[in-house]
Amino acid sequence: MSLLALAGVTAGYGAFTALWDVALRVERGEAVAVVGPNGSGKTTLLRVISGMLPVRGGTLTFDGAALTGRPAHEVVAHGIAHVPEGRRLFPNLTVADNLKMGAYLPRARTRYRETLERVFGLFPVLAERQLQRAGSLSGGEQQMLALGRALMSRPRLILLDEPSMGLAPVMVLRLFDLIRRVREEGYTILVVEQNVRQVLKLVDRAYLLEVGRIKMEGRAAELAEQDFVRKAYVGL
Amino acid sequence: MIDPIFLAEAAVNGILLGGILALLALGLNLIFGVIDIVWIAYVDLVMLCMYLVYFLVQVYGWPVWAGGLASLAFGALLGVAVHLLIISPILGSAPVNQLLATGGLLFFLQSFATFLWTTDHRSVRLSLPSFEVAGIFLPLTRVIPFAISILALIALYVFLTRTFVGTAIRAVSQDREAMSLMGANPQWIYVVTSAVGGLMAGLAGTLLIFQYSVHPFFGGQFGPLTFMICVLGGLGNMVGAFVASFIMSEIISIAGVVWSTEMGYVIAFVVFIVMIFARPGGILARRG
Amino acid sequence: MVGRALGGALVVLLAVVPALPMAGMKQYVLHVMIQILIWAFIGGAWSLMGRFGLVSLGHGAFLGLGAYATVLLWNFYGLSPWLGGVVAVLLTAGLAAVVAYPCSRFQVVGHYFGLVTLAVGEVIRLLIVAERNWTGGSLGVSLKPAGGDSVVAVQFADKRVFYYAALALWLAGLWVWVRVDRSMARSAMEAIGEDETAAASIGIHVTRFKIGITVLSAALTAVGGVAYAQYIAYVNPDTLAGIGVSLRIVFAVVLGGMYAMAGPTVGTALTIALSEYLRIAFGLRLIGMAETIYGFLLIVFIIFLPAGIYGSLRELIRRRRPTPVVA
């Protein structure tokens, strides 16, 4: 049984439908990417999975449990952590407080210290800047904090929305290295990215989402070979 | 000319009053910062708590500390009740409707109090000594409430910065959606915030009943002042509200001694209008 | 077409009310109707701001300034309320501009704006109470009698004169409402209401519009205050300034329906009728109970009928009619 399975998911905003009949799965321990051009619905997809946006049709199961229509705070309790687009850190809270909030769930709170040590181990710069206001961190540091905060909830699946957005190319490489390390810790990852080249190097499988529909899916290596993928999205 | 001792005394009294005003302003700000709704009837909740303490202590002879605790509990309960019964149903409504709902509560509370207890002023008589410092008379009935209010404000600060729930409350006021991604049910956070706001109203009520008499339209006395302080400090800005509380209380106190109590209020309010013109974001807001 | 015919019929009906036989109740009926007309006018003035998202909870300031200015100028200087009214309008326009300017420039909107106006309303009330030497404080002040009917002093023994004057005022208010509704200002204000930055980017002078509509609303409210003061011949800071009266105005408009021309009138008629009914039902027994029920009903209405009565009716009608399918 897949860890995460979407079937026939349709969702949108008001009169506008952003996702049509999306089917997707993520297996335990996998790293999966969803790529596609701007406005294809990638962010909507993640918002639907984490419960920030209700579905209009279709089903969503996580580890056997039906999560369709559950609100965000319940979805998180099941073990899905979502690092949203733009990171959505709490700007006036310190790095330490942001991480603390990541461990808000009761099951995470009891092992808070232990998880915090692990996160500091992965991201030593966060330990250095513990007492700094999150809003004053650099882009790369903020992304690390957002990732660290997600780890604090001891999730089973991590959703990453455009992690490379707004980062300098050097930072992007460092970031993907970090994501790789997180993956090596055993986390299952679903990442949505515009930087197709980099993300396909990181993941096992990928889906191509265009105008709200899954157009293609396959192993990352295969998709990387696709001509139109290389021509259309490389360098963006 | 006014005897400088009177001025000094007024200044000190201003500080003593400021502590309690800060409780009111911060309670209101806390709720607004998290839930985005102004409880126009906030000071009327204080009024109810004042009545409770009056009845418990003056009429039924409870000890003061017990009456105070009851007021805290009652305040917290009121806060939760207001949120669940009135605020929750209108969370998604237009601002005008939200303001009218709490405005309607103001009408309701003031008239219900009139119906229950008439417009008679009631106060709790406590004979406590005053002590003199450098020629200034400091009645304990003012000093003790001030001390308690400062302790409460410190407790609030610790709660908001050091506890999980308190930090979550601050987080929600910065980004509600992100906090729900951390597993926090926003509705629950709202209830806790309302309880804390109500608790502060309960505390303010206890501290005020020993200095001022209560009547159904008490809200008309302290309400506008609280609103003014909140706006002056920048709505939602806790530090600003704290500072503004003392600024306002100083103006009222000193002007009250130089001219009259009413003129004191008037001057404070005129200062407020001027500040609105110069710095609508509040005194601590950045320009532009 | 139907609307216009109905409207016309209503006006005609209103015009003949003073001539109808009413079994000795006429003075009371006229009294209530005059109040409804004047307050509906004031409500309409408020709705000019309210419908564009500028929720003022301090219109009592403009009412009070207007009413007290004219009454005091007449009492102390014998200045005719016609001229006093002009002074009132200028004063309130000035106050409105002073408050609206920074609020517009610094994007003070929604709850924040409501709070600012609330505070301003209370300032005026407390100012009136503080200056009790010449304003009479919380006891209020009566209009000095002109000794008989006088157009110059706007004092008449016969309620019917006030009735027709109020009717004319009410109609004038509706006319202003329609003019604002049809003007460029309306589209501009709606654009501002939707998205200020976008509106500003296409050249809509956001600040100017906001200040303009606020000043207009304030000025008209002042006129309403003057009218009320002349009719009742007595002013009091609690009935004409402060949170109480400000909230009542807003309630009436929102209950009736903020976006329709008839909304303020419908709402005012209903709230005054309700208030009168409760006052008569409870009379002097159970002091405070009438107001308590009033407050309770208002809360209930706001929660369950957010679009107001007019708005809800419109929704109901719209749902009954089959909606055309867009291909």
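Per-chain numbering from 1; labels A, B and C assigned in written order.
The rule is simple: a residue touches a chain if its C-beta (ideal position, glycine included) is under 8 Å from a C-beta of that chain, and two chains touch if they have at least 3 such contacts.
Because the structure is predicted, anything quoted here is derived from the model rather than measured.
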Farthest-lying chain, centroid of Cα atoms versus that of chain B: A
Centre-most chain, if every chain is reduced to its averaged C-alpha atoms: B
Distance from chain B to chain A - Cα centre to Cα centre, in angstrom: 43
Mean-CA-position distance for chain C and chain A (Å): 53
Whole-Å gap between the CA centroids of chain B and chain C: 31
List of chain B residues in touch with chain C within their complex: 32, 36-38, 40, 86, 89-90, 93-101, 103-116, 118, 216, 220, 223-224, 227-228, 230-231, 235, 260, 262-263, 265-266, 269-270, 272-273, 276-278, 280-281, 288
Residues on chain C engaged by chain B in the complex (per definition of touch): 50, 53, 55, 57, 98-99, 101-103, 105-106, 108, 110-112, 114-116, 118-120, 122-123, 126-127, 129-130, 132, 242-244, 247, 250-251, 254, 258, 286-292, 294-296, 298-299, 302-303, 306
Residues on chain B engaged by chain A in the complex (per definition of touch): 164, 167-168, 170-171, 174-175, 177-186
Chain B-facing residues of chain A, complex: 50, 52, 71-73, 76-77, 81-82, 84, 88-93, 97, 100-102, 104-105, 108-109, 149, 153
